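What follows is a pair of complexes built around chain A, which joins chain B in one and chain C in the other.
Now for the complex of A and B:
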């Protein structure tokens, strides 16, 4: 059971967005490390299907690139073409890579938790057109991939897989044009059917299967207080790398931040334990 | 076969990139002094006195006596031996190596013009003190209008590297962009 996905969209959406904001706005390498761990554990607990194999590559690339182009910093490791390669620049590159990967991981979780029906439930009433367009745009790429695979299989049965390069290019171009036509046609059809059902009219009330319960209220309060504390009162977000790295004083606020970011994993784990326990009693 | 070829070519590319870089350890870098000169001398000094007037605009991270000295002088006027190839930039490089002062630059032998841009000295960078700040050089009180790496020095020249907070106007430099 993924208990976190069962929360009301308002609470889970706000929580995920605030986690992403804390990760992006903090300049502190410890917060970035905490965030990357929290996002990865949450990603595992969600059993999400997005592939993450490219992330270490992005991380390595940023960590190596930064010291080559930025030479500020007091701790010189060695000199490259007369310019210093410094520890500070390297640490800053590691921090940048960590933030990028943490944000990507949080958004993988976001995609698994906030499904398109939740997104429409959130924004369908306020800005119906934009919400529908966004949810359709987000569906486009997965639809392209699955549709493309299907068509390739069919084409492979007509034209052999091992054939001349021109034939192969022709085959793929035909598939691509089919995909574009299909998605355009699908979009028009979807929009006209939505219109026929009266989507976006002010009098119309849309059904949503989410109810705002006390637990949702608690998560909302938790998100707001945690976000306000970390951003405005903890003083964790300011940190200087150049020319000398600030000292890191470990105190309670780091633990509070870790608790804030690990909350969804804990909720999921709690749901899992409860589910197993209930099953064992049957 | 094809895969092997791709692998070899990429390996060659990486090797070429590495051979075009010169990697020096810290002590090697500071002890390599460059040309020993042909008997002539030039004087070089580095200061950032203009920051003292605009101290509130300075980046918080370098508001420290280590980076901006109280009198604004990073390097007193110092004499260095030069030869005919030495430029306003190479004497700066020589002085910063000698006194172990941080220096970051872009260019030098890497571009077609042979020009150089000095980004930061002693951790004081361009834009560190407002968006119009950066490093300027002058030789015998005149602000050159070429890159410092193209300005050849002669015997007895006095090179000053100065930090500006207002595109050189606070140093009395002419406005090159209007000509």
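Now for the complex of A and C:
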């Protein structure tokens, strides 16, 4: 049960964006670690299909390259080709890698939660005309691609496209120009269909299927207070790596931050438990 | 109440010489279904567009158009809804639910009303199961139903349909017309529909108006219109009539003209009173023919973990035969065609062919065959690419254009041709490379009955020259007339394959109208011509 995905786009969008912002604004390695964990468990709870196998690679790459190129810091671990490799530079590399991975993970979650419907709902509230244009484009692009593929297959079956690069390019250009002609023709008909349905007669409203409920309102308040507290009042975000790392002291704000970032996972888990419970009653 | 009144209406396009609409008087009452028929170019579409203010073409307009008692220009445009011919070009947005809401958004209606109206419309027309889908994933039939629903969501009082089913296969067409009938019967919406495939539309119309050269020639009940069309022998609409009316005409019948299967049976029962006629079934003689393709125990699936699309499929194809493959949507027809054309390979089983023969395939949308702006240029270019010399190429084009009767279309843009013309031109292009096997994918889509007849002739002529023609189609009447053998594909396997006569006479539902009409009265007749032949024989 992905309860979090059922929230109104305004709430879920703002929450995800503030999670990304907190991760990016903080220079604190602990928060980066919390964010990675929170984003990853959320990612798992969403059962997203996007592959993440490349992420550890990115992490390793940043963690290793930073100390090789940056020689700031006072704690020298060893020398490589006469250059000092410092602990601070290494930790900073780890921190950078962690932030990148965390942001990527949050965006993977974003992609699963904020579907094109939800995005258009957000967008339409601000710019109704632009939202319609995007919606039309979202239809046209796959149509154009599949049309191109179909045409290529048909042309290939009539006369197989021979090797020579120039011939191939020529054929592809011809197919492309044909596609353009066809979609222009289609556009004329589409325009009459729009006119026939009263486009441009009145001021357009933008309809979306989502209803803003009390739960959405709560999530919105939660997001705003959490974000403001962590960014402006907790004082956790500032942290220096060079020349010497700041000490990390335990602070109750870390726990609050973890609670804030783990919220969507908790919501999903809660949905799951409720589902199991309601099933068991049947 | 009068919904529409046309008084001495004439219209001339600003670019044209003649009147496209010539002195038309017509009244449409509330709750009526009016069918406008006529051959292409008779002014049907122009008339519909004139009724819809926003789409009315530019030109000289005389006479009066009154909608709901007021002059047209004062009317609220949303009271008239329009669904056009091409399903896909009318869609505006990317999601089904958004498409339904589009018109209501334009009217500035509040959210809760939009929610209600879209939901209502979706459940009335059975869209609920694909309400969340992308519009690009829908089939042609579903898309047209969606177009109807999104127009009806605006609650028009008059619904205009401009050849709405001509691009659909017969089954989807019937579904669409059923939806229209339900809307009319249950909500009282007035419908004006143009169509040249009359078989299905005839039955549901209250009145039919026949147009010719911008005039309304007759306007009456379907029965008397059918009688009128039968009376003027040369009418181009004769082939569009329902099978029962054609049988009535060909048997020089008396009494009332039947327009559906039930009436047709009653008529035939009376005409053949006391006689029982049985035609002998001819067996398809394939023994002495050369087998060119043999499919044995074919299995195919698109992805490792998806179900088989084709399973245990056996099929033999002989040289110079016309084979029709019938089957419902999703039975694997297109997959089978792709396999025959060599596009995909089976994962179990073997496709054997005697020698490497040339295969050409006519796609569903025949215009996709062309690349150039001019038909002759396109054909010449194709000859060059095949490797003919200039002289040979010109000769080949001249010869084929004679066969396919397209010489007068050489200067036209391939996209400007009518359905039948496009198809003939595309066939010409495909025949340039002398294929041994020709695959046709749903060739009767968007073709009027006369065009179908012509296509049947062309297929027979090609078969005589030794070309094997394999057609995939939904159109039962067409396959009964065209095929040497018919095969029924169900759930990925061929469950029946024989000559059309024994094929259709063995089926109860999946058979031609003529067979359904004559079953039990004349056995083993498949086409209207068969029935007429038997009638003549029994007279002598």
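As a working rule, the second predicted complex is superposed on the first by the 205 of 282 C-alpha atoms of A that agree within 3 Å, B and C clash if a C-alpha of one lies under 4 Å from a C-alpha of the other, contacts with A are read in each partner's own complex, and residues count from 1 in each chain.
Simple rule for what comes next: a residue touches a chain if its C-beta (ideal position, glycine included) is under 8 Å from a C-beta of that chain, and two chains touch if they have at least 3 such contacts.
Just so we're clear, the structure is a prediction, and the values are computed from it rather than from any experiment.
By the touch criterion stated above, A:209 is placed in contact with chain C alone, chain B being left untouched. Judged by the touch definition given at the top, the superposed model places A:81 against chain B, while chain C stays out of reach. Of the two partner chains placed around the shared chain by superposition, chain B is the only one that A:240 touches, whereas chain C remains out of contact. Judged by the touch definition given at the top, the superposed model places A:133 against neither chain B nor chain C.
In the superposed model, A:72 lies in contact with chain B only, and not with chain C.
One of chain B and chain C touches more residues of chain A, and that partner is C. Touched by chain B in one complex and by chain C in the other is not one residue of chain A. Residues of chain A touching chain C in their complex: 116-117, 120, 132, 135-136, 138-139, 142-143, 146, 150-151, 153-155, 157-159, 171, 174-175, 178, 181-182, 185-186, 189-190, 192-209.
Residues 21-26, 28-29, 60-62, 67, 93, 102, 104-105, 108, 110, 119-120, 123, 125 of chain B are the ones touching chain A in the complex. Put simply, chain C touches chain A in their complex at residues 52, 54-55, 77-78, 81-82, 84, 86, 88-95, 97-98, 101-111, 114-115, 134-136, 147, 150-151, 154, 341, 343, 359-361, 363, 368-372, 382, 385-386, 415, 429-430, 433. If you check the complex, the residues on chain A that touch chain B are 71-72, 74, 76-84, 240, 242-244.
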